[in-house]
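Which chain is which? They are A, B, C and D, in the order written, and residues in each are numbered from 1.
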Amino acid sequence: MYNGKVTVQYRNGILDPQAQAIHRAVKSLGYDSVQEVEQRKEFFLKLDCASKDQANKELDEICQKLLANPAIEDYEYTVEEE
Amino acid sequence: MDNVWQSVGLTEHEYNTICEHLGRKPNDLELNMYGVLWSEHCSYKHSKPLLKHFPTEGDKVVQGPGENAGIIDIGDNKGLAFKIESHNHPSAVEPFQGAATGVGGIVRDIFSMGARPVAILNSLRFGDIKSPRTQYLLDGVVSGISHYGNCLGIANVGGEVYFDESYQQNPLVNAMCLGLVDLDKIKKGTAKGPKNLVMLVGASTGRDGIAGASFASADLEEDTESSRPQVQVGDPFMEKLLLEACLELIDNENIVGVQDLGAAGLTSACCEMAERSGTGMKINLDNVHLREQHMNATEIMLSESQERMLYVVKPEGAEEVKRAFEKWDLSASIIGEVTEDGIISMYHKGRLEGKIPAKSITEGVPVRKPEAKKPKYIEEMPKTPASLGELNHNSMWTEMISHPNVASKKWVYQQYDQHVGTNTVLSPGQNAGVFRIKETNKGIGVTTDCNPQYPYLSPYNGGMNVVLEAYRNLTATGITPAAVTDCLNFPNPEDSENYWVYSNVVKGMAEATKVLDTPVVGGNVSLYNEGPTHKILPTPVVGMVGITEDVEKTVTSAFKGDNHLIYLIGD
Amino acid sequence: MNFGVVVFPGSNCDKDAQYAVESLGHSCQLIWHKDTDLPKDVDCIILPGGFSYGDYLRSGAIARFSPIMEAVKKFAEDDGIVVGICNGFQILVESGLLPGALMKNKSTKFICKEQSLKVVNNKTVFTNQYQQDESISLPIAHGDGNYYVPESKYEEIKKNNQILFTYNDNPNGSSYGIAGVKNEKGNVMGMMPHPERAVDSILGGEDGVKIFQSIISHHQGRGQQNG
Amino acid sequence: MYNGKVTVQYRNGILDPQAQAIHRAVKSLGYDSVQEVEQRKEFFLKLDCASKDQANKELDEICQKLLANPAIEDYEYTVEEE
């Protein structure tokens, strides 16, 4: 069994409306110290693959096809044997 | 907790009654089932005698109180199913999910009757609008309603938002749903026919909301983190699939009965269905599709996981029904069968875990009739109004229209999809919501209303007034009022002053609905709405529906042009 | 003319789209997302509004893998007319049939209101019944309607006249106020506003009718050319 | 300046409909090897605080008040000096 971890975040230069809204909310709560807010998504997948290479390959495909939208997002992933 | 009965929120007398019914002491599973079913939320033990005052019959009434929703006949073989329900305590703990699952619950009530949901409304009460807690609750509640209702694709056609200190610790979230059904296709929550199969459909069962009904039947305490049920997370997508699948099965003759799973989950669905038909059920809990491992019988029977329905199906049609759900990627598990013995027996891992007569659980609850005492504040109220002194009309005017209770609520309803379904003729912002019925000229009007000041100041007259206001809202748009559903939100009824107010408000509402010939075909009771220091004003929300034969003739409230005359009508 | 509306799990404007084209006198069938072939005789496919797959992950991200989408892509390659409304637009950008991406509204809130729009290009399959630069009003109802294109792409779609509608006062933060676009070839379009909700005066407006009439008129013209 | 990193995830046993939907989508794409899908959110905040303690304190408050929903989510955070 392999544990895959994927992180997906907006590409540089794309304004993330949700992160901006959080930043505004943090400020309105009085935390003026906060200069920047970013967020990203993490996915954890358990893969029952024959080899680590296979798990890497499948995970990369899943990221490309589904988990990230290449028009606006970048992704990274790691695979570890359980 | 010193006594077993207290651990599930019952009195010693109630516990003894249970022992009589069973002829023995209940085991843990049974006691917990009684605890939720005999909670106020499920049993109406404080309210039954009062609800008898309401008129429930009329020419148009097809289904009165007692089923998942009331139904009136609107002509052309069509019925209008509608009901209002509260989700107050869950929304106080987790506003987004609490409000969202409130919408989910009331919508299931409607489509479980075989009706396609076409409109929703919501009636909301919060404390001081300036307090951060109110803003947090308000934002969460509105987002939750928006999230769930929009995803289902049911148009929001109205509602209310009202602010008053008394709701500071205990906000109110009431949701109403209306649906259309062919009169010959109404489904009911019955479990007729021994050997018929019991099928659980929809989401898997987890440990969500265990004991939620008891939680709704106690005062909100300051920090009840540990005694709080696990918050239920709603999945509107799952509900949408369930809705479509259920309506696709409307013509299937193998379906005997349908019931949604709400408060007290499988426990109340099994008992109510069996009780209505004088039957019992043999349930095998091993067949319930679970989300979490190692759940015991009590957890499975009490879980309030959302987006689930219970079907009673003829054995020969079971495969076909299952396939219909599978088309929509829904799980359907056969979890038992109907029996003749009137007993709900539950098996888990090959063992009989509990046995309860279906009847005792819904009918056996001893009615509580607390003492009623006229409140001191009413006794002490001055008989003549205080003098207002010199009035500055300009500032009075500005103050009034900028008061949060009077100002536009567009910032709320703009977050709700008001037009999906392409039927909405009058959308939020008008006196009442109106939607057309395609293929006819008819329209349905609906409003929810309650200005709690009136029932507070004069319970009987105020109760009448709430009904009258709803009536005026409908007539002002050109709709003929037809029937009512109500949500009685009150504080702890065991307090004799609260109970006096509660009973007088209900009597006033009953009188008004009788005189106006708008029978009450369903509703909901939510008592114990109070926090450590604040209790809510009496808030009997009225949801009134009506009909117009010509939807083109409905009117909006805006001034339409220069030189038109303005009339003031009435006393 | 024959329309087909795809029903995804979670679609909720499918019947509205059907009702709209039928009320204009044309036939329309609903197409189940698990089907692999389109009905033989359809002339225009509509991907309707709603919350396909609950909008989980990203709006449209899961629906684009529905079995029917292969056939829709093929239909588009063969010059078939494809319209995505709201969630349908989101599905089209996720499947790469249209440029750009749709993100959460700038306010992060769902917005439902009447919205004033400008018809930026009236020489298309979808807009030929409008006047150039005409101001029209259509309902919007979306949480993820914030259209994003990077500047370079914007220059490209602008040069190709792919922008069909822009918002008159940008309600959701969309790049360059874009409310609707078409593909380069001109047979696939997506828009966030709901024309199918604006075909009936009793519901408040009829400005959506011309979108359907444009498609119909184009189709009829094409029929005449062919034969 | 301090860099705060927050991770927020659903509590054990709480239904995560989104993760379920993603799991089903992954399977329907043919990746039968995938046994489990979980997701969580990460936030990155830049805090201009006088001390690390102060940054820790503010970040904890922001998590409680805003970033995590204590009724259904757990959070963790770390603060590093930039």
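Rule of thumb we're sticking to: a residue touches a chain if its C-beta (ideal position, glycine included) is under 8 Å from a C-beta of that chain, and two chains touch if they have at least 3 such contacts.
In UniProt terms, the chains line up like this: A, D = Phosphoribosylformylglycinamidine synthase subunit PurS; C = Phosphoribosylformylglycinamidine synthase subunit PurQ.
These figures come from a predicted structure and were not determined experimentally.
Taken together, subunit A and subunit C share the touching chains D. Between B-D and C-D, more C-beta contact pairs are found at B-D. The geometric centre of subunit B is 37 Å away from that of subunit C, both derived from CA atoms.
One simple way to say how far apart two chains are is to compare their mean CA positions; for subunit A and subunit D this gives 11 Å. Residues of subunit D in contact with at least two other chains: 17, 21-22, 25, 29. Among the residues of subunit C, those in touch with two or more other chains are 53-54, 56-57, 62, 65.
Multi-chain contact residues, meaning those touching two or more other chains, occur in subunit B at positions 235, 237-238, 329. Applying the touch criterion to all chain pairs gives A-C, A-D, B-C, B-D, C-D. Within the complex formed with subunit C, the subunit D residues making contact are 17-18, 21-22, 25, 28-29. Chain contact summary for the complex, subunit A toward subunit C: residues 13-14, 16-18, 20-21, 65-67, 69, 71-72.
Subunit D meets subunit A in the complex at residues 1, 7, 22, 25-26, 29, 31, 33-49, 54-55, 58, 61-62, 65-67. Here subunit C touches subunit B in the complex through residues 9-10, 12-13, 15-16, 19-20, 49-51, 53-56, 109-113, 139, 141, 143, 194, 196-197, 200, 202-203, going by the rule given at the top.
By the touch criterion given at the top, residues 57-58, 61-62, 65, 93-94, 100-101, 103-108, 146, 148, 150, 173 of subunit C touch subunit A in their complex.
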